[in-house]
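Attaching a single structure in C-alpha cells format; questions to follow.
Order of writing sets the labels: A, B and C. Residues in every chain begin at 1.
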Amino acid sequence: MSYPRLLALLGALVAALFVGSLLTGVAAAGPGESLRALFLPEGPLTLVMREIRLPRAILGVLVGASLGLSGAALQGLMRNPLAEPGLIGVSGAAGLGAVLAIQTGLVAAFALALPLAALTGAALGVALMLGLAGRGGGTLGLILAGVALSALASAATALVLNLSPNPFAANEIVFWMMGSLADRSFAHVALAGPVMALGWALIARTGRGLEALTLGEDAAVSMGVDLGRLRLTVVAGVAAAVGAATAVAGTVGFVGLVVPHLLRRAVGGRPARLLPASALGGAALVLAADIAVRLVLPGRDLKLGVLLALVGAPVFLHLIWRMRGQP
Amino acid sequence: MVIRAGGLALALAALPCGAGLAAPSAAPPETPPARVVSINLCTDQLAMRLAAPGQLVSVSMLARDPRSSTMAEAAKAWPVNQGLAEEVYLLHPDLVLAGRYTARASVEMLTRLGVTVVIFDPADSLEALRAGIEKMGAALGREEAAAAELAAFDARLAAIRAAAPAPARRPTAATYEANGYTSGAETLAGEIIETAGYRPIAGDLGFPYGGMLPLEALVMADPDLVIRGARQPGASRSEEVLDHPALAALSGASAIVEDHDWICGLPSVLDAVERLMRAAPPEGAR
Amino acid sequence: MSLMSLENLSVRRAGEVVLAPLSLRLEPGECVGLVGPNGAGKTTLMRAALGLIGASGTSALAALSPAARAARAAWLPQAREIVWPVSVAHLVGLGAAARGRPETHPSVAAALARLDLAPLATRQANALSGGEQARVLLARALAQDTPLILADEPLAGLDPAQAIRTMGLLAALAAEGRGVLASLHDLSLAARFCTRLIVLHRGRLVADGAPAAVLTDALLAEVFGIRCTRVATPEGLMLLPEGVIAR
C-alpha cells in the first residue's frame, strides 16, 4: 500500500472512531439526535455533547497520537522495536507528581491541580534524567538513566501508598494510575494540548536523523547527524507529549509499544514515515479502547489503561509468536 | 485531523452554550433543592434518612451493597447512578452530594456544567459525625429533620455513656482485618471503641490513623477484645492472616463489626457501640 | 587540495597509547590500502580521522561541520547494521539524503546500477545474503557522492569473485578522481589494486608507499609474522602466505 494511501486510511479510521466516541455514552439519544445536539443548542444534551463527550473524544485523539508518536520516535532512536515511552521514566515521574498531590491534599486547592502536579513531576523527572545521562552518555546512558528514574518514581509511589494514613487517598491514587478519560473537560484539553503540541513539533524534526540511524550510530554520525542533539530532541519531545498525556489521562501503557510495531511493515520500515502513521494509529487505538470501556460496562468507569493492557498483551504475544521464524 | 477537531471545538466554544458554564458555587441555594442526586456511599445514606419525600432522586450503586451500606434494602426505593457526569447531569439535579474522595474529574465536570456540588468529608470522630448531619440538613433545607436526628443521636449517646461500666481498668481493644489492617485510634472507629468503654491500643502501637499491624505486635499486646471485620465472600489471600492460630489462641474476647457499621458517619454507628459493649469480658475475668 | 590530512594524530584509551602520533595526506586519485595485523589500530585511525572518536593532533576532516564532513567523506563501518526492514532502494537513498538530496537524485540510480542492484531494488535489505548486503551498503556510500570514501574491512565475508569486483570498483573510483582509504587483510588484493599501502603495527605507522616497495620479506616477517612466496602475474604482485614465523 502506498504511503499516502496508508495515511488517508488511518485518517479515515481516526475520523470514524472520533464520531463513534462522540456517539457513545449513557444518554438515551440516537446518533442523529446526538449529532444535532452537538451543533444546535438543544437543552442538556447539547451540554453533554459539547462539554463531556467532545473533549473526551478530542483527548482520545491527542493522547493516542502522543503515545503512538512517542513510541515510534523512541524505537527509532534506540534502534530497538521494544522501546516504549515508559522507558525514559516520564510516565512514572508524572505519576509520582500526581500521587504526591493527592496524598498531600494539594489536589483540593483548585481544579486542574492534579494534572498540573503530574506535569511538574514529568518536567522535574526528565530534567533529572537528562542531568544524569548528560550529553555524553550515549544512548545506553539514556536508557539507564530512564530506567533509574522509572525505578525511583515507582519506589517513591509505592512508599507513599504504603505509608498513606488515608485509605481513601490511597484508593484514589491507585485508580488514577490505572488510566482513564472519563469526565475530562476542555480545561484538560487546554492544559495538555499546547504541551503535547510542543512535543509533536520537537519529534517531527527528528525524522531525518532517525532515518540515518537505520545504519547504526557510527554511520549516522558520518552522514551528518548530530547525535547528541537528536537524542535531546527526541527525549524532550517524548517527555512533553507523554508527560502531558499522563497528566490528564493517568498511566496508559501499551500504545507506544504496539502501534509502531503494527505499522512498521506498512510504511516499509522507514522511521520517518512511521512517525505520522503511528500518531494516527495511536489515536485510533485509544479512541477504540475508550469506546470499548463505555460499551463493555456501560456507565461504569472501566479504566482505559486496564482495558488496553488486557487486550494489548495477547495481541503483543501473538505478534511475537508470528515473528518466531523471521530474522 | 487534530486541527479539524480543534477548529470544531473553537467554533463550538464561540456559540452560546445551553445552561452556561457557571462558576463553582460554595453555598447551597436559598430554596430547598428539589432534585438531589447523591454519588457517594455516605452521603447516600445520610440523604436517604434526611431528605423530604421525592427530594432525593438517585443514590450511588454502593448504597444497595449490603456489605458497604446499612440501608441496602431501603436503597432499592431509589434509582441508582454510577457517578459519572453524563448520567448525573441528565438527571437534572439542582444539588449533587459527593464525598471528598469521589472521582475528582466527575465532580469538577459537574461543577463546570453549572451544577451545585456539596462535598462531605469522611467523618473521623463523633463530633465530625454530628457536623456532617448538620451540614446535610442545611444542604437539603431540612434543618428540622437534621436537628431531630441529632437530638435522638445525642440522647442515645448519653444513655450509652451512662450505662457504660467504669471499671477500674478500661479493657483494651484492637481491630484486626484483612492484611492485618487496624483502624487507628484517632479515627471514627477509634472513638466508637472508646465510647463502648475500651481503650483502643492502636495509638500505643503507633497507628493513630490506622495501618498494617504486625501480628506479633497484636499478640504481644494481648488486647482484652479483638474486633474483626466480617469475612468477604470469595476467599482472598489477604484474609489468610485472620485464620492464623496465634489469633485464635488469644485469650481475649472477640467481636465482629461489619464494614458498613462504621465506614460512614451515620447515627447507626451507635449500634456498633452497643454491640461492642455487649462483647465486653466480665470484670475481673482476666 | 588534500582530501584528508592528518597532523600528529594520536589516540589514547585508558591511559594507553592506541595510536601513536602520525601524519599523512591523501590526494585525489589515490586508492590507499590500510593494512596491519588485528589490533594494529586501523579502525582507530579511520575513526579518529573522521572525528568519530576523540584524538589529539589535527585532522582536517574532523574539524568540519557534520554537514560539510558528510559532503566530503563517506564512511563504511565494519559493523554492517541495517536496523529496520527497509527496501534496498530506500537504504541506498539514505546516502543521497545525507547530502540533503531526495531519493530520486541521479546519484542513487547510478549507485544502484554500478553495483548491479537494480533487480534487488525493491527487496528488503536485511533479508538479503551477507554479500548482497555488503553491496547495498557500499552503494549507499557511493550514493553519497563524496570525493573521499573510507571503508573499514569492506571485503570481510565476501566470496572471491565479489572481493575482486569490490576492489576493482574502489580502484576505479580512485582512478576517476576520488580518494579511497580501505582497511584490508588480504595482502594480495591490497597489492594488486591499491596505488599506495600504509602499514600499521601496534599503533605505529611503519611503512607508507607503493605496495611492491612496502611489502618486503622483512616487513612481512616483522609486522605480520608470516613468510610469503611472491609471484608476479599480469594482474600484479601476488603474495602467497606459506607459514607463520615463530616469534
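Keep in mind that, in the parts below, a residue touches a chain if its C-beta (ideal position, glycine included) is under 8 Å from a C-beta of that chain, and two chains touch if they have at least 3 such contacts.
Owing to the predicted nature of the structure, the values given are computational and were not obtained by experimental measurement.
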Top chain pair, ranked by number of contacting C-beta pairs: A-B
Chain whose averaged C-alpha position falls nearest the assembly-wide average: A
Distance from chain B to chain A - Cα centre to Cα centre, in angstrom: 36
Distance between chain centroids, defined by C-alpha means - chain A, chain C (Å): 44
Centroid distance [mean C-alpha coordinates] between chain C and chain B, Å: 78
Footprint of chain A on chain B - complex, ascending: 1-2, 5-6, 8-9, 12-13, 15-19, 21, 24, 81-87, 89-90, 92, 99-101, 103-106, 108-109, 111-113, 122, 184, 208-211
Residues on chain A engaged by chain C in the complex (per definition of touch): 79, 208, 211-216, 218-219, 221-226, 264-265, 268-271, 327
For the chain C and chain A complex, residues of the former touching the latter: 47, 50, 52, 66-67, 69-70, 73-77, 79, 81-87, 90-91, 94-95, 97-98, 124, 126-127, 137, 140, 144
Of all residues in chain A, those that touch chain B in their complex: 11, 14-15, 18, 25-27, 38-39, 41-48, 50-55, 57-58, 61-62, 65, 107-108, 111, 114, 165-169, 171-172, 175, 180, 182-187, 189, 193, 280, 283, 299-301
